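The chains carry the letters A, B, C and D, assigned in the order they are written, with residues numbered from 1 in each.
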Amino acid sequence: MRTPIDPSIVADQNEIRAAELKRDYQYLGEKLARQNINIETIKNKIAEFSVAIPSWGVGTGGTRFARFPMGGEPRNVFEKIEDCGVIQQLSKTTNTVSPHFPWDNVDDFNELREYAAAFGLGFDAVNSNTFQDQKEQKHSYKFGSLTHSDAATRQQAVDHNIEVIEAGKKLGSKALTVWVGDGSNFAGQQSFTNAFNHYLDSNAKIYAALPDDWQMFLEHKIFEPAFYSTVIQDWGSSLLAAQTLGEKCKCLVDLGHHAPNVNIEMIVARLHHAKKLGGFHFNDSKYGDDDLDSGSINPFQLFLIFNELVEAGARDAQFNPAYMMDQSHNVTDPIESLMNSADVISRTYARALLVDHKLLNQYQEENDALMAYNTLRSAYETDVSAIVQQARLEQGGAIDTIATYRASEYRKKVTEARPSSGNASSGIV
Amino acid sequence: MRTPIDPSIVADQNEIRAAELKRDYQYLGEKLARQNINIETIKNKIAEFSVAIPSWGVGTGGTRFARFPMGGEPRNVFEKIEDCGVIQQLSKTTNTVSPHFPWDNVDDFNELREYAAAFGLGFDAVNSNTFQDQKEQKHSYKFGSLTHSDAATRQQAVDHNIEVIEAGKKLGSKALTVWVGDGSNFAGQQSFTNAFNHYLDSNAKIYAALPDDWQMFLEHKIFEPAFYSTVIQDWGSSLLAAQTLGEKCKCLVDLGHHAPNVNIEMIVARLHHAKKLGGFHFNDSKYGDDDLDSGSINPFQLFLIFNELVEAGARDAQFNPAYMMDQSHNVTDPIESLMNSADVISRTYARALLVDHKLLNQYQEENDALMAYNTLRSAYETDVSAIVQQARLEQGGAIDTIATYRASEYRKKVTEARPSSGNASSGIV
Amino acid sequence: MRTPIDPSIVADQNEIRAAELKRDYQYLGEKLARQNINIETIKNKIAEFSVAIPSWGVGTGGTRFARFPMGGEPRNVFEKIEDCGVIQQLSKTTNTVSPHFPWDNVDDFNELREYAAAFGLGFDAVNSNTFQDQKEQKHSYKFGSLTHSDAATRQQAVDHNIEVIEAGKKLGSKALTVWVGDGSNFAGQQSFTNAFNHYLDSNAKIYAALPDDWQMFLEHKIFEPAFYSTVIQDWGSSLLAAQTLGEKCKCLVDLGHHAPNVNIEMIVARLHHAKKLGGFHFNDSKYGDDDLDSGSINPFQLFLIFNELVEAGARDAQFNPAYMMDQSHNVTDPIESLMNSADVISRTYARALLVDHKLLNQYQEENDALMAYNTLRSAYETDVSAIVQQARLEQGGAIDTIATYRASEYRKKVTEARPSSGNASSGIV
Amino acid sequence: MRTPIDPSIVADQNEIRAAELKRDYQYLGEKLARQNINIETIKNKIAEFSVAIPSWGVGTGGTRFARFPMGGEPRNVFEKIEDCGVIQQLSKTTNTVSPHFPWDNVDDFNELREYAAAFGLGFDAVNSNTFQDQKEQKHSYKFGSLTHSDAATRQQAVDHNIEVIEAGKKLGSKALTVWVGDGSNFAGQQSFTNAFNHYLDSNAKIYAALPDDWQMFLEHKIFEPAFYSTVIQDWGSSLLAAQTLGEKCKCLVDLGHHAPNVNIEMIVARLHHAKKLGGFHFNDSKYGDDDLDSGSINPFQLFLIFNELVEAGARDAQFNPAYMMDQSHNVTDPIESLMNSADVISRTYARALLVDHKLLNQYQEENDALMAYNTLRSAYETDVSAIVQQARLEQGGAIDTIATYRASEYRKKVTEARPSSGNASSGIV
């Protein structure tokens, strides 16, 4: 196994924190035992948990106003994989990468697959891109892709998605995520009904190319890049489309793609009821699709979402949604943000696992609103640091991922090894 | 036909305005002719158009803080019908009333039906109420009704809805509108999944009691009275429920029941695509479910909704949604607000009828966003006053409904004839 | 001192939990010591902290649709004080009551003051009410109070506020909170400029009646009960008014009175910069002014607000804002909600006290965004239960306030002792 | 005077529409005369009205996802001026350009000034840019500019603003607009208080360099590019800063920079009350800072804003705010969008001029909410096309700006004359 960070640095850093972790883990175990919770059971579930890294996430993001790059940004998919390898080596909760095409196109996908495997990384859902024009592309997506008024443009977008599936097959992926920014900036610009029909027709062609053991995820978004209307603007449209397309087609929930104030955890429950909950893009937001680090704005909301996921899993043993971080790292080292977010997500999952669902259900039946809430609050307020740190430690990761990464001076090294090519971005600004 | 306003007053008031109207109508006809639009065709469609009055709307509304009543408020359903009769006599676009139970319960529904008929009024969708407790009610709705954790409470709510259908049959109604405020104020208070299952089970029982030629409308609302979660919080949940319940079950869109920024006209298009668009509650809002007068905050949005409705009608000859005003009149004479809103809604419909859909479609196909928008803008900016005034005049209504109503001194008369019973409200504060 | 809950019940309940608390407190002390934090220092600050109970908060709240009362609701201000006494006896963080007039008017304010003192309760800011009409009131507030277009109505509202100051003087209060719902439901209904000028003129008269050692708090709110415009709609208008009125006039921040997405903690910082931060109304909200229990929707936001308050206190030794809970308890026992919220607020304050501001400042200076955030996160994720429980225990309160209250069967007792008077509400529905 | 569009084309196009315009203008004159309004007075005010074109607005905009350029985009400020000349030639309501630096830097500003003058164009407020890094810039603005924690970076941003003032002096400008995107993406990243103090200190240095007859406009924005906090996030912070900086410093309102649901027309009134209303950036938005064409989403809101401006002008003869369009044209020809928006803005101003303020005030005094609203509605629903078309015609512009522009084939010509330089953008994507 390749270890981009020298294992001795990891070991040294863990040594510094081992005694305190032992003490914290022991105390937490004792405290949870009072509630008849076995800390080892929770820790094992955390150890099994994994969330995918988006290949574009290891580059610095930006806004329409500017992008402020940092040194050592990956210049191709192999360097992205190397950075993902750092994240996985230290955090041990990110054993897959979700690639994006055409950004991650290579001549030899087998080589890429093996390269990633050497870092302990597999490939999660593949992502198509029909929201940007590529050089030498025949038809522009300025006015849409899968929903464009012109049939040839739609077909071009369909063809691209089918190529992405082909790439994914070689990489060992089992799912395609389709997100289109198609929509309009003016009332009247687009026929809502024609655009939706085009969406269904185009996706039916893509669906037809899907291997039997694959899933197709439809991602909705209320706005941006379209500012008056978006074809798949909410989970209602996403659900309608997924129902029309077939059993392998499901809905993907990105936490930042909703109208203000919307209760996202309830959408999770509804999509699960409809058997159409396919996966998640984790991030956080305060205003729009801010793509901030997971849990950094509203950590209680993330907990409530995980609470629904734990409930769904309890109801349905087959429940196995795809989890990915989809964040834009504009002011931090992306590797740090992704490790930190993996830590936050793991902690949140751990807290959700602490909820006494039998007791919660009893309070719900009795309409004891206060104690039902306090049941959640009690789990949420538990400090589960020791559990996720112990899970990392036992798997060879770092107790403190950020401190260990900084001690390794990885960023300094890649800044030297990867001279900037100027304007290159790893994808979405 | 009973005429609560002396017809000679109407005639006198119309006389004052007849010459100017003639001049305006003639000019507008000439202007529309340039665009190959026959003003008579538009006027006839306006004359045929009708929107229901909610029986509770003729009383003064309020907020959780206060209600400031005015003189002459109706004290029972017969007085409500009389007030609705004024609205219909002058505006001629409101030939049905939508009753609400148990508020509008009477011993003899045939008498009520005949009483209304004398004013030229029929009955639109009947509305149940399980968001308030009534005296002598066995189970409280404090923690829910159709979705309550207790089966007996759910059955009580089902039974009430079935009684409402029975009343509706006698009144000549053909639809039941079901709105429940059920939800929760705390995370954890309610199981999202159990509550939704209860909702489906309870409504299946109501649906089973529905006559063959009836429809059932499900109304969603993002929040209030529940402030953390609402069982039918958006059109996605409403759609899921309507799909489960059956063909006669459709979704009702209230303009004030959405999250901020949501594109409501797109929801209209999606529900029509899903063959589940049942009806509308017209009002306007700036912040929450403000229940302000239709078109008073965002008249362009109302126009865009009517544009979708005209398009849906052009696609589907059977398309015939139920239209109702659902407003809370806190600072105006409710009769005036309802007449004024009927005028605004008629004008908006008239503008939507002026849209050149063939031209619009051409611009859409060509992605000429600016001219597509200008096609809508041109229709929207047309002053259609003369059309709706002429339509009223020809049917015996008032050119200027507000001035005529004020000239009649109806409010003064009912203030004397209906001494206040103290705290009585006509329903929702 | 009067003890509405039998002290032996409190002692018995504490006995059950004493050993575990001892263990938890010892461990937390050890853990904090690693960060050079003395747990005793934190605990002492928590013990000194207090948040006022609004007198109306001990009654069941409601919405414009319905209010679902529970047994034993207080029927007058003395019974409200008794309920507040329970809250203070068990939680020991609520040693003042904020009264509301005319609801809490009595013939003998000295008697009321002494009655409260017997429960260990003093009086915080007094509140006026000009958003409802009272029986025998000469001028209606339907169209406004301090900003009404009619001078006599404005004067009536001014006079009421001056009476409230007089009552407050007798009760030992040192501040007046002015909130008006004045505004409009229609564009054009009110001149923004005239209304604001009236607001300033009316408040100048009230300000003139303010004793030298009093403060006047202006409370803003984006909407409700007015649904198009509100005279003091945001902190900008509140600031302008407070600047105009004088040094004793400051702004009060209610957490639920802002537009969606607004960064409230930043408003706290700005008002403190302007030397105009007067106080807080704690509650939480997801959609509008939901008046939910403090910290129950977005506890991290509450933490960030307390973080600003701790910083403000560190900058300015005189900083001493007024804290009050302003919640509507629609589905819980109000006494339970207020004790639970006091617990949540205390815990949040405790977490904010754990923030290493020196380290935070260093990361800020270095633009180390991730570690700055992690510095806050580390404090936020600390389980401080043991601190607030220990603080309560040492002052004679309950380790577990809810369990102790339930063991006392207080609600059952007052339900018997206070037969319902029918429709009586303790104030705002 | 240079005429980028052949005047004979303008004349030919006007000839096609002259007869109908004459008829429409005559009828409207007659209709307004009934209300005692002289159409000539209104038309003259429209003829005098002007709104500035932002120099960056004539290039195609974009989002963080993509920019889809069109042919003939201006490659330097002289080509931008030429495009602005087209807009002014046809619409006659845009006689100034607002330049942006360093984008519009030239060696000889006098040459630029004369070049613009030849097209009948002067220069409005100059804009600085410290939200992007320029090549060879010493300090990065990644973590802020005027508010950066580092003094040298702040000074660099101050120096840039002073250079912009110098450029503006040569161009004949009389105002500087300062907008900074400074803020943070993480809680804790930035000290709210330190950042605001830095903002005040830096701006005080800029203010000191301002000529006596200049104004300085501060522009606030709720979010983007910063996604957790923005230093000047709302009009409250903008007002505080403008008060601190001095009399020449005022606040600028961009219509897309507010939280959802906010009543912007009220902010206009409040800033005017505070004597701090400096200017406007016109555009429209549905979700965030969408920078859509003015009036295309909520035209009634734009009308209500102009209604406040007309009122402010009536109160204060010196009232003379700076008006500019600030739009991002992602899917239209920017020249078309700017001409169309100038038309929409002029029409909206014309409607606001029709409001009978004496009557409105009377209804306000009487609290006749319905008739106050109808007074606004009546003006808003008036079709004023003939007034703005006649004003353009009389000044030598085009009756129909879009049709005339298309007839000229200007876009085709510049597409040939200005071969694309590849990735060049005219500024903000």
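Everything below uses one rule, namely that a contact is a pair of C-beta atoms (placed from the backbone, for glycine too) under 8 Å apart; a residue touches a chain by one contact, two chains touch by 3 or more.
Just so it is clear, the structure is predicted and the values come from calculations on it, not from any experiment.
Engineer: When contacts are scored as defined above, which chain pair ends up with more C-beta pairs, A-D or A-B?
Structural biologist: Counting C-beta pairs in contact, A-B comes out ahead.
Engineer: Could you work out which chain's C-alpha centre is the most distant one from the centre of chain A?
Structural biologist: B
Engineer: Rounded to the nearest whole Å, what is the centre-to-centre distance of chain A and chain B, using the mean of the C-alpha atoms as each centre?
Structural biologist: 43
Engineer: Measuring centre to centre with CA averages, how many angstrom lie between chain A and chain D?
Structural biologist: So the centre of chain A lies 39 Å away from the centre of chain D.
Engineer: Scan chain A for residues touching two or more other chains and write them down.
Structural biologist: Residue numbers touching two or more other chains: 142-143, 184-187, 189, 222-223, 228, 260-261, 263, 286-287, 293, 296-297, 300, 331-332, 367, 369-370, 373.
Engineer: For the complex, which residues does chain D have touching chain C?
Structural biologist: Residues in contact with chain C: 142-143, 149, 184-194, 196-197, 222-223, 228-229, 233-237, 239-240, 258-263, 265-267, 269-270, 272-274, 300, 304, 308, 311, 315, 360-361, 363-367, 369-370, 372-373, 375-376.
Engineer: Under the definition above, what is the set of chain D residues touching chain B in their complex?
Structural biologist: Chain D residues touching chain B: 20, 23-24, 27, 30-31, 34, 260-261, 263, 286-287, 293, 296-301, 331-333, 336-337, 340, 344, 347, 367, 369-371, 373-374, 377, 380-383, 385, 402.
Engineer: Any idea which chain A residues touch chain D in the complex?
Structural biologist: Touch list, chain A to chain D: 62-66, 68, 131-133, 140-143, 181, 184-187, 189, 222-225, 227-228, 260, 285-288, 290-293, 296-297, 330-332, 423, 428-429.
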